[in-house]
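Okay, got some structures for you below.
Here chain A shows up in two complexes: once beside chain B, once beside chain C.
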Partner chain A sequence: MMEYVLLSFFVLLIIVVVTFFLTGWQISSSRSERRSVEYAKAEFILRTFANSPYINKNTYKEGSMLEDSKLTSITCEELQTLYGTGWYAEVEALDFKETCTYENYPFCGNWSYCKEEGDAMTFDIPVNIYRKMNGEVDAGFLRVGLYLKENG
Partner chain B sequence: MTPKTKGLAGQTSILLIVLVIIMFMVIGIFLLISSIKPVNNEYYNLYAHNLLLSVLRRNTGYGGYCDTVSSTVSCAYMTPYRNCGGFECRNLSAQVVPDLIERLIKPTMNYCMIVEPENGTYGNQLVYGPRCDVVSNKKSAWTANEKILQYGANLNIRMIITET
Partner chain C sequence: MLNVFDVFKIILGIIISIFIIFVVMRFVGSYMEIGESGRQVSLMVNFKKTVENVYTTGISTDFELKESEILGYRPPMIETEVTFIDTSPTPVLLLPGKKLTVSRVDYDIGWWKFYMIEALPESKIIFVPLNANGDTWSLVGNITKAMPSTENTETKIRFGVGCNGTEFRFGWEAYRFVEKILPMIISGQMEFRACEDLAYFRKNGYTLVTISEKDEDVEFLVKPSEGGVGHVYIKNGDEYQAYVYKNGMDIVSLLLGGQFFYDYTNDKFLRELDVAASITSKEYNLLLNDPEINRRCGNQMNEFVALLGSIRETAAKLRSSDDENTALEFTGYMRDSAVKFREIESMGCA
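Showing the complex of A and B:
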């Protein structure tokens, strides 16, 4: 009799463990699926942003040559019509850290779009910044983040 | 229960325990394997290419033959002793290139930039990077290539980046 009880206990234990495992696996695989979709979206925004004709200097076909005047004049709302919502972008020049406005342009080097509070998946790449007023080419960073809807 | 069946029941229990242990181990290994994330090569390739491009296109502030980093590198290769704003091209490039790369690259990364003539032409390499021997021998590295087209010899520029 005792053997049957033990056997039943082990069989039940195995069923419970397998159930937990399959459920956990299903949850983790759907999480990782969602993460990879978010990853791809963030990377897509980074690439298209770096090469967008709206902010790039026209004569550089290879892209990643962001023009400071275009960066200053474009707004978050205009960019959201292109890329949708739920992301932010930031361009930072190496030598100037001040946020650019119409008042301090061109003596500034930080442009920020659609930035808000919250966890984000962030990618950054080096880019060039073309200074329209003196024709100089500076270097800096383009940072793009995709806001995560929930943690996990 | 006879002593024979008693012994069999004991064996069955042991077998079940062993089976459960094996199952836990299999689950553990499976979870471990599924938690290993592949490296995002596409992003790092883009990063390496943009790093190289941003460095080469930047103005140095010295003008003349060393107006941009790319022209400074070219001058350092072709005419290393030519004067650029009070410095020899070779010295200026050895100062400007690593300085700029180190300001742009992620702190967790190493780099190596190699300048060499296009195939078929003779000449030495110009190498920038404090740990080029380590970087160029690492298996997981990302490489970007660009060309400087100029009269005399076109130059191939290779940027290799790795995680530290």
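Showing the complex of A and C:
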């Protein structure tokens, strides 16, 4: 009798172990799926920014030619109306580090939108910054971060 | 001969076997269900990625679905058997189908561009212009431009014009239809009559868009008034539902998805326009601080900023009611702002 009980016990144990393994595997693939969705969202925000007609030079169709007067005029709230919440963006010119305001424009080269404390998935790309007042183009970079809702 | 203990072992064995088989079957069943749900979720996630790629690059593409995977689309939510996918912040008009063309259409007014994604199955649109004049043909062009040009995708949206009894001319994609065919039709001064044998068109999947300044007994009627504004009448049983349109996108939204799409497109369009006008006003005020720009283009730029203010006011009114007079006022301001922007641009200040 004992051998039957032991056999049944082992079979049940194997079923439980397999169940836990497959469930764990499912959970980890869901996590990785969520991570890839977050990655895609961050990438989308970055590409949207780089090509957005709201901050790009009007006549420049290829994108990534951000215009300093538009960057200075746009606010976080306006960008959130267009692209939702949960992200931040920064544009930095290589030769000017001062944050742009109405008062110091055009002698500035840093714009920051919706930045707050918290872990974020961040992407950088190089961009051109068109200086409206003198028609010159500066090199800079665009950094976009997507705030992670929770670690995991 | 079996004794009582052997019978007990057999019964116990059967019970345990049934239990094990039951547990395994249930688990396999749930696992397959999870797998199928996961497959549908990843398909929808891929669809969303495709939509976002097209939105940012403007490059059209095809996307294949099984029809059953999308139960419905009430913007911005795509409903499937297992989940809802939110297409926000990208504005999307989607009609379920097995093979879709995903394209970006834009509304370009010079100082602002509004992008919208249209994901549509193969479609056949026939315009029926009755007593057509220049405005009618311009409206046909605007409606066509608000639909995808499918030269680079396998799924096609084709356009045509009719009817002359049961005859009609059909088979061109948006770009060719607007650029080559329409000018030929206009210069030929062709006249058309309402299509007969509607069952034929319905059976073969044609959508008829009748344009007339008079009332007509048709399923979808566009009735232009003035200044690019007019009404769309959609037949619902014996009654007609009327909507005010102010651009081609309004008409296309109504054609593709009735009131839901119309309300959604308008909300997105007017909300983004409000933001664009606010940003552009602030930008121009910033530029006016420069004495040189102020001296050269100050008057024009101030007039432009005033127009943007009027656009924001009328857009706010339009968001609460689709009154024809407000729409007329709105399109007037939009046209004036485009003209003023071109003037400022030509002076080198934009």
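The rule is simple: the second predicted complex is superposed on the first by the 138 of 152 C-alpha atoms of A that agree within 3 Å, B and C clash if a C-alpha of one lies under 4 Å from a C-alpha of the other, contacts with A are read in each partner's own complex, and residues count from 1 in each chain.
Quick note on the criterion: a residue touches a chain if its C-beta (ideal position, glycine included) is under 8 Å from a C-beta of that chain, and two chains touch if they have at least 3 such contacts.
Note that this is a predicted model, so its numbers are computed, not measured.
After superposition on chain A, the partners chain B and chain C are seen to fit next to each other with no clash. Of the two partner chains, chain C is the only one touched by A:S8; chain B is not.
Within the superposed three-chain model, A:N128 lies in touch with chain B and out of touch with chain C [touch as defined at top]. By the touch criterion stated above, A:M65 is placed in contact with chain B alone, chain C being left untouched. By the document's definition of touching, of the two partners only chain C reaches A:Q26; chain B does not.
After overlaying the two complexes on the shared chain, residue contacts for A:S73 are found with chain C alone; chain B is out of touch. Once the two complexes are laid over each other on the shared chain, residue contacts for A:A139 go to chain B alone; chain C is not touched. In the superposed pair of complexes, A:V17 makes contact with chain B only, with no contact to chain C. Chain centres taken from Cα atoms put the angle at chain A, between chain B and chain C, at 100 degrees to the nearest 10. After overlaying the two complexes on the shared chain, residue contacts for A:V37 are found with chain C alone; chain B is out of touch. For the pair chain B and chain C, the minimum alpha-carbon spacing after aligning on chain A is 10 Å. Note: residues 29, 47, 50 of chain A belong to the chain B contact set and to the chain C contact set alike, using the contact criterion stated above.
Taken in their complex, chain A has these residues touching chain B: 2-3, 6-7, 10, 13-14, 17, 21, 25, 28-29, 39, 43, 46-47, 50, 62, 64-65, 94, 123, 125-128, 136-141.
Chain B contributes residues 9, 12-13, 16-17, 19-20, 23-24, 27, 30, 34, 40, 42-43, 46-47, 50-51, 53-55, 57-59, 68, 100, 103-105 to its touches with chain A in the complex. Of all residues in chain C, those touching chain A in their complex are 5, 9, 12-13, 16, 20, 23-24, 27, 31, 34, 38, 41-42, 45, 48-49, 52, 55-57, 88-89, 110-113, 115, 271-272, 275-276, 278-280, 282-283, 286-287, 289-290, 345, 350. Across the complex, chain C is touched by residues 1, 4, 8, 11-12, 15, 19, 22, 26, 29-30, 33, 37, 40, 44, 47-48, 50-51, 53-54, 58, 69-70, 72-74, 78, 81-84, 102, 105, 132-133 of chain A.
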